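Handing you a structure now.
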Amino acid sequence: MNKREFLKGLVLFFPAGGVLGALAGEVGAKESGGKEVGAKEAGGKPDGKADDPANHYYGMGIEVDKCIGCSRCVEACKAENDVPREPFFFRTWIERYVIKKDGDVNVECINVKGKGGKETVQDDPDVLRTFFVPKLCNHCVNPPCVQVCPVGATFATKDGVVLIDSKRCVGCRYCIQACPYGARYLDPRTKTADKCSFCYHRVRRGLLPACVEVCPTQARIFGDLRSKASRLVRFARMNKIHVLKPSLNTEPKVYYAQLDGEVR
Amino acid sequence: MTAEAQGLSELLEQITGFIYPNEIEIHWSILIVVYPYITGLVAGAFILASLVKVFNVKEVQPTYRLALLTALAFLLVAPFPLLLHLGRPERFYEILLTPNVTSAMAMFGFVYAWYLMGVLLLEVWFEYRRDLILLAARERSPMSWVYRALSLFSTDTSEAAVVFDRKAVRAITIIGIPSAFLLHGYVGFIFGSVKANPWWGSVLMPIVFLMSAIVSGIALVILLYMVLTAMRREAIDMGCLDTITSYLFYAVIVDFSLEALDFIHRLYQSEESVKILGKLITHKLFMSLFVLQILLGMFIPLGILVLAKSRKFNDDLRKLLYFTAVILIQLGIFSTRWNVVIGGQLFSKSFRGLMTYKMEVMGIEGLLTALVVLALPFVILAVLIRVLPTKRLDDQASTTGEPVVPAGAANPAALTRS
Amino acid sequence: MRIPEQIKRLTLVIAVIVAGALLARFYVIPRSLIAMDLHRASTVERELAKPVKLAGSTACQGCHEDQYVKKSKGFHKNLACEGCHGPAAQHAEDPGAVKPPAPRDRKFCPLCHAYDASRPTGFPQINPTVHNPLKPCIACHSPHDPVPPRTPQACSACHAQIERTKAVSSHALLTCTTCHGVSEQHKKAPRTAVPTKPTTRDFCAKCHGQDSPQKDPPKIDVSTHGGSYLCWQCHYPHLPEGRG
């Protein structure tokens, strides 16, 4: 190629590149209309309490000393959210801790059939403390599951609920590996990841999550951290609050009162 | 109950201690063990190739093209285990269209694309361009058209062009070394960044992954070189073999040191997870870790290599020893991947229990699929070797070492280059 | 400057690939496949469109005012209707079509009330095998106001575990009221009318001090024994010294 041909090519190259670049920039700007769903959530306004989700920030409080391990919450959740009925997929579950005087700790999940969960547990003089702990997705402020999802199928809404887009989930299971609390599972019917959604479809209608609704002892408290009159805010005022695995800096929004040090 | 649920129910009996109920299912199966094994081989083979072009280790030259083609064959197969493993494989394109930039897995897609297109294919093209033109002239159609297309319809085989090719190869290899580190280091990072899992979440993970990848890649090229020369009934270049196995030896030493460091560090620091991890390796990973990975995969090959280097054995015995060592090393590195991937899922994040992995034989994530995926690169490599000669054309030396001059050679001066 | 032929060809191929990729990404592929905000919005839409299966207790009040008011005064006031009757949103929509079940067998109430050592002390628990076997629970306890048919006379009706512990201890013959002051209100409002507990060392000294008129209890020198700590900080009153 000689100088003339080179310059001709150059003359064509820059404008062509410029046009392409400008077009790309324009389309890119149109597409980046916000990373998360903000105030302009399209469609589906719930009837009744329709207001801006950004005004709320939801969390849950659990009083361990009130839980009687009746598992009404587990049953209600499975009914409300169509969770697979096999005895190992749970959006929420109850753990029983038995701490003996010699320091031995025995933990079991009372909802997994065939693995303990007897209805009457006899008195054992060696037992120092024994209690139930409800567990669920913690809807972390700093969620590791959202961080690792390769396609952005799981995300946190402005009102603090971590949701899963089951139409986009590719089923790579990285989020299930990344969750430190074992809150996620792969739905065997859709082959996508699934977990507790704080019953978002109920909460946005002004109802309580199913598990909170049926708890007979009010061991679960659901509330809005941004509201001035919120059961959760009072809960946080009256109790010393713990979260699970604080050293992992996930900043969970499920706050436990009277949480024993043996609970993981 | 579905068959899957039935299978999981059986696993309920095999739990020891306490696990979070959702943890019963082992999510990343043998396909995800095969995947880092394959990408490791890619990185390792490429590093071996870079020894020739960047560090000018002339003795290793006979394996240069073989290493490149091996890297390419394995890289082409690497996405398959991932695709097969997805719960919704038909949605795989989303990783490319809307990647989440905070996700290592998503970013890996682009690292992979860069390495395939920007490094490996480019280097193969520059290395083979001249030969492709010669082959296009020599072969009948349709193969001649294939060669013409592969060379991108290039025709210049002049001295200057070949010199340019060589410079380009060197430049690409220089970029390729950190790219290879990135390729497999990223896989290590995918595990190493998971803070929820103490078996995986460690700063050393990408480094250990990379070093064991280099070990396995070099060992594989040695294996393939020995098999190929035996199949072609050619004399093997013992100088080359001795040099590569030396590099293999150094790589195994470094790899072993890193893994020993990780172990000692964990034991000494004695964090909360050390108890359950101790139970994990003694109850669930005893065979695969102590016997396969460490004894058979590291100590014995190290011993064999030391033996072969220190004593003056004859060629045949050395070949036998090297062959045994590289087979054991492949076994060891595969076990390493197993211990990381499966091992990390066999203990509960509550640190109170252990689970079991039941590998299916049939089924899309079963043993058979894994074996097919492992065999596929060799099939591709065989095709590649047929199409792209492992020896530079016009340099197909007979055992006497004299160059062979075919009819229609473009440039006689090319004969003298190695 | 002469550009090598290889570079020309490569540049062409790369330009074609890049142009193709850009074209595909920005023109061919529809925005709906790519825009994350649209995906998030549609996810929220789909979530909100999910059916509500539990109506919530206030929904029941509209038609079942009597039971609602009765329940709101009794021990089950915090127990949601659907805790026992199951999800009833469909019934709330169309009462005639679907009737929520009312559990009538003896298997149901023990889900909460069977004795379980892990349940908090004082939560009303029974042993289902020996507590009026064969009789359905609702025969004696109205589920909407589950007051026991006769007011429990003994503390062991609710505090059976403490009673069982104390029964094998050296304090077996002491009645609960020896140490705890209990009002009748405690049986109606257990968590608000809380029994009293001793507050000073002098209380235990009434039996265990050197000057005590009681002959049987072991005696200690109150002024020196245990410093200024309260007695029950070391000795569990329901099973002192933990023998047995």
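Read from first to last, the chains carry the letters A, B and C; within each, the first residue is number 1.
Definition applied: a contact is a pair of C-beta atoms (placed from the backbone, for glycine too) under 8 Å apart; a residue touches a chain by one contact, two chains touch by 3 or more.
All values derive from a computational prediction rather than experimental measurement.
Visitor: Please work out which of B-C and A-C is bridged by more C-beta pairs in contact, and write that pair.
Guide: Counting C-beta pairs in contact for B-C and A-C gives the edge to A-C.
Visitor: Averaging the CA atoms per chain, pick out the one whose centre lands closest to the mean of every protein CA shown.
Guide: The most central chain here turns out to be A.
Visitor: If you average the CA atoms of chain A and of chain B, how many Å lie between those two points?
Guide: 37
Visitor: Just curious, how far off is chain C from chain B if you go by their C-alpha centres, in Å?
Guide: That pair's centroid distance is 53 Å.
Visitor: Hey, how far is the Cα centre of chain A from the one of chain C, in Å?
Guide: About 21 Å separates the centre of chain A from that of chain C.
Visitor: Of all the residues in chain B, which ones touch at least 2 other chains?
Guide: In chain B, residues 98 touch at least two other chains, as defined above.
Visitor: List, in ascending order, every residue of chain A touching at least 2 other chains.
Guide: As it turns out, chain A has residues touching two or more other chains at 152, 168.
Visitor: Mind pulling the residue numbers of chain C that touch at least two other chains?
Guide: Chain C, residues with two or more chain partners: 34, 36, 39.
Visitor: With touch defined as at the start, can you tell me which chain C residues reach chain A in the complex?
Guide: These residues of chain C touch chain A: 1-3, 8, 19, 22, 26-27, 31, 34-54, 56-57, 76, 78-80, 82-83, 86-87, 110-112, 114-120, 123, 127-128, 161, 164-165, 242, 244.
Visitor: In their shared complex, at which residues does chain B touch chain A?
Guide: 1-2, 4-5, 8-9, 12-13, 15, 17-25, 27-28, 82, 85-89, 91-92, 94-95, 98-100, 102-106, 109, 190, 193-197, 345, 348-352
Visitor: Where on chain A is chain C touching in the complex?
Guide: 1, 6, 20, 23-24, 27-28, 30-31, 33-37, 41-44, 46, 65-66, 68-72, 76, 79-81, 96-98, 119-125, 127, 130-132, 152, 155, 157, 163-168, 197, 200-202, 204-205, 207-208, 210, 213-218
Visitor: Contact residues on chain B for chain C in the complex?
Guide: 97-98, 117, 122, 125-126, 129, 152-156, 160-161, 164-165, 168
Visitor: Considering only the defined contacts, which chain C positions touch chain B in the complex?
Guide: 4-6, 9-10, 12-13, 17, 25, 29, 33-34, 36, 39
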